[in-house]
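Multiple structures follow.
The two complexes that follow have chain A in common; it is paired with chain B in the first and with chain C in the second.
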Partner chain A sequence: MSAQAPAEAAVAAVLAFADDELVLGWRDSQWTGVAPFLEEDVAFSSIAQGEIGHARALYELAADVLGGDADALAFDREASEYRCAPFVELPLAGDWAATVARHWLYETADSIRVAALMESDWPELAGLAAKMDREEAYHRMHAEMWAEKLGGDERFAAAVDGLWPYALGVLEPGRRGRLAELAGREEVDAVERGAHEDGFVALHEEMTMVRRSIPGAAW
Partner chain B sequence: MIWEVFRQEREGQPFQHGGSLEAPNRDFAEAYAAEFYGRRAESVALWVVPREAILQIDEPYVADVFDRDYRRVDGYSLKVKLKEARERAGTG
Partner chain C sequence: MVTAAKVWEALAEVPDPEIPVISLVDLGVVREVEVDGERVRVEFTPTFLGCPAQEVMRLQMAEAVRALGAEPEIDVVLDDSWSTDRITPEGRRKLEESGFAPPHPRTASGPTLVQLDAQAFRCPYCGSNETRLENLFGPTPCRSIRYCQSCRQPFEQFKTI
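On to the complex of A and B.
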C-alpha cells in the first residue's frame, strides 16, 4: 500500500479497466475452438487469457483499497455495477472481421491508457501498468498484423466504422484525440460507459454462474 | 503456407525440429511460433523456415559398390586395444 490512500477516482478507473479486460477476455474466449484456423485459435485464446490475467491483477489492486478479493469484485457484483465500456460487451463471436477490428481498436486505445497509468502517482498501479505493457506489446503486434492483413477488406473497414464511436468510449475524453490520431480517423461522439448493451445481463449470468452455484466455495 | 519450426532449448545447443505450423506470412509465422514454442520459455531461440525452402533428399546414400569394409568401424573393439595401450603407457 502507498503511504497515502489512492484517490477514489483512481480506484474507480482501475475497476473500470479491470471490467474492460474481464469482459473483453470473456468475449474473445468465445472463439476458442471455432477460430478461423488452429494456429489462430491457440493464439487468440491465449490473448483472451492474457486479458483475464490483467483483469485479476487490476481487481487485486482495487481490492487492496476496497476490501474483499479479486473474485468477489469480478463475480459478486450486480450487472448494473460493472463499469466496462459497451465496446467490450458487444457479442462479436462468429464475425472474425469485426472481432479483429475490435481487437485492433482496443489494443490501440489500451496502449494510450497503459502509457498514462505508467505515470500514475499510485506506485503499485504504475508498476502494474508497466508489467502489463510488456504483455500488451505482444497483443498489439498480433492486432496490428491482423489489421494489416485485413486492411483492404470491405467487411473489416465496415466493422471499424461501426465500432469507432464505441472504441472512443474506452478512454477518458482528454485521451480520445490521441486514439483518433493513431487510428487515422476523426473524433466523433463516443458510446460512453455507464449504460450496458442489451446482451450484457445474459453475459453476466454466464460469467457468474459457477461462482453463484456454490457461494463462498474455494476453487 | 507451412513453416517448419526449429527450437534451441539452451544457448549453445543445436536447433532441433519442434513441429510445423500454418501461417500466411512471416509476421504471422513469427507470432504463432513464439506462441507455440516460446510462451513457456521452453526455447531460447527459434528458426522458422518456409517448408519449400528446405531441400529434402530421400535415400541420401553415396553409391558404395566396391568392397571397402575397412572404411567401416563397426565390429572394431577399441576396448581391448585401449586397455593394452594404457598398460604399455603405465596409466592402466
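On to the complex of A and C.
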C-alpha cells in the first residue's frame, strides 16, 4: 500500500486496464489449438497467458485499494460493471488477419499506456508497469513481425481500417494522437469505453461460469 | 533458532517447478529474507507475471520455512527489480548443462527482432553461434525456441527480461 491512498481515477484506470487485458487474453486464447500453425499456436497461447497474468497483477493492485481479491474483481462483477474497451471484446477468432490487426494496434496503444503508467505517482503501479513493459516487448516484436508479414495483404488492410476507431478507444483522448502517429493514420472518432459489444454478455457468462457455479472457487 | 542464513540455505534447496535443475535462489527470485523470532518474511518477485508456476513457488517456499519450525510470510513484489541478470552464475551453468541457453544481459532499451535474428546466440549443445530464432515464444513465458544450424538441434533460449 502506498502511504497516501491513490486517487479514485487512478484506481478506475487500473481496473479498466485489467479488464482490457483479461478480455483480450480470453479472446486470444480462443486460438489455442486452432492457430494457423503449431509455432503460432504456442506463441499466441503464450501471449494470451501473458495478458491474463498482467490482468491478475492489475486486479491485485486495485484490490489493495478496493478490497476483495483479483479473482473477485475478475469474475464476480456484473457484465455492465466491466470497463474494457469494446475493441478487446470483438470476437475475431477464426479470422487471423483481423486478429493480427487487433494484436498490432493493441500492442501499439498499450506501449503508450504502459509508458505513461511507468511515470505514475502511485509507486506500486509505476513498478508494475515497468515489469509489464519488459514482458510486452516480446508481444510487440511478435505483433510487428506479423504486421510486416501481412503488410501487403488486402484482408489485413481492411481489418486495420475497420478496427481503427475501436483501437483509439483504448487510450485516453490526450494520448490518441501519439497512436495515430505510430500507426501512420489519421485520428477519427473513437469507439469509447462504457457500452459493450453484443457478444460481451455471452463472453462474460463463459468467463464467470465457474465462479457463478461455485462462489469463491479458486483454481 | 532460525537464522536468515538457514532460511537462504533451505530456499536454495527449493527447485524451480518448471526447470527443476535450478533452485529459486539460483533463479534470483528470492529478494530478501527477514527473521523475527519464529516469523520469517520472504520477499519474492516472480519471473513473468503470467508464470503459472508462481503459486507453486510460493507454496514450496512456505513449506521450506515451516520445515525449519518457523512461520512463513511470503510477500510478492511486482516490480521491475527482478531481471534475468539476477540468475546466479551457478544457475546459468546449470541451465546450460541441461540444454537451456542462459539469457543475454539486459539492455536499457530491451531486445529487438534484429538482435534476436542475429547469430549471436550460442547453442548449449555444441557451442556454435550459427543459430536462428524459431519462435519468440516457447513452452513457458520465460523461453524462446531457437534452432542450431550446426548440430541441427532445436533448443530453448531464456528470454532476457
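We adopt the following convention: the second predicted complex is superposed on the first by the 218 of 219 C-alpha atoms of A that agree within 3 Å, B and C clash if a C-alpha of one lies under 4 Å from a C-alpha of the other, contacts with A are read in each partner's own complex, and residues count from 1 in each chain.
Just so it is clear, a contact is a pair of C-beta atoms (placed from the backbone, for glycine too) under 8 Å apart; a residue touches a chain by one contact, two chains touch by 3 or more.
Because the structure is predicted, anything quoted here is derived from the model rather than measured.
Placing chain B and chain C on a common chain A by superposition gives a clash between them. Counting the residues of chain A that each partner touches, chain B and chain C differ, and the larger count belongs to C. In the superposition on chain A, contact is made by A:His54 with chain C only, not with chain B. In the superposition on chain A, A:Phe37 contacts chain B only, with no contact to chain C. Within the superposed three-chain model, A:Glu124 lies in touch with chain C and out of touch with chain B [touch as defined at top].
When both complexes are overlaid on chain A, the residue A:Met132 reaches chain C alone and has no touch with chain B.
Judged by the touch definition given at the top, the superposed model places A:Met141 against both chain B and chain C.
Once chain A of one complex is fitted onto chain A of the other, the partner contacts of A:Pro91 are absent, as it touches neither chain B nor chain C.
In the superposition on chain A, contact is made by A:Lys149 with chain B only, not with chain C. Of the two partner chains, neither chain B nor chain C is touched by A:Pro165.
Taking the listed stretches 3-11, 75-83 or 147-155 of chain C in turn, the superposition on chain A shows a clash with chain B for 147-155 alone. In the superposition on chain A, the residues of chain A contacted by chain B and by chain C overlap at 39, 42-43, 46, 138, 141-142, 145. Against chain C, the residues of chain A that register as touching in their complex are 39, 42-43, 46-47, 49-54, 56-57, 60-61, 124, 127-128, 130-135, 137-138, 141-142, 144-145.
Residues 21-25, 27-28, 31-32, 34-36, 39 of chain B are the ones that touch chain A when the two sit in their complex.
Interface of chain A with chain B (complex): residues 37-40, 42-43, 46, 138, 141-142, 145, 148-149. Residue ranges on chain C touching chain A, taken from their complex, read 48-52, 77-83, 110-113, 116, 134-141, 145, 159, 161.
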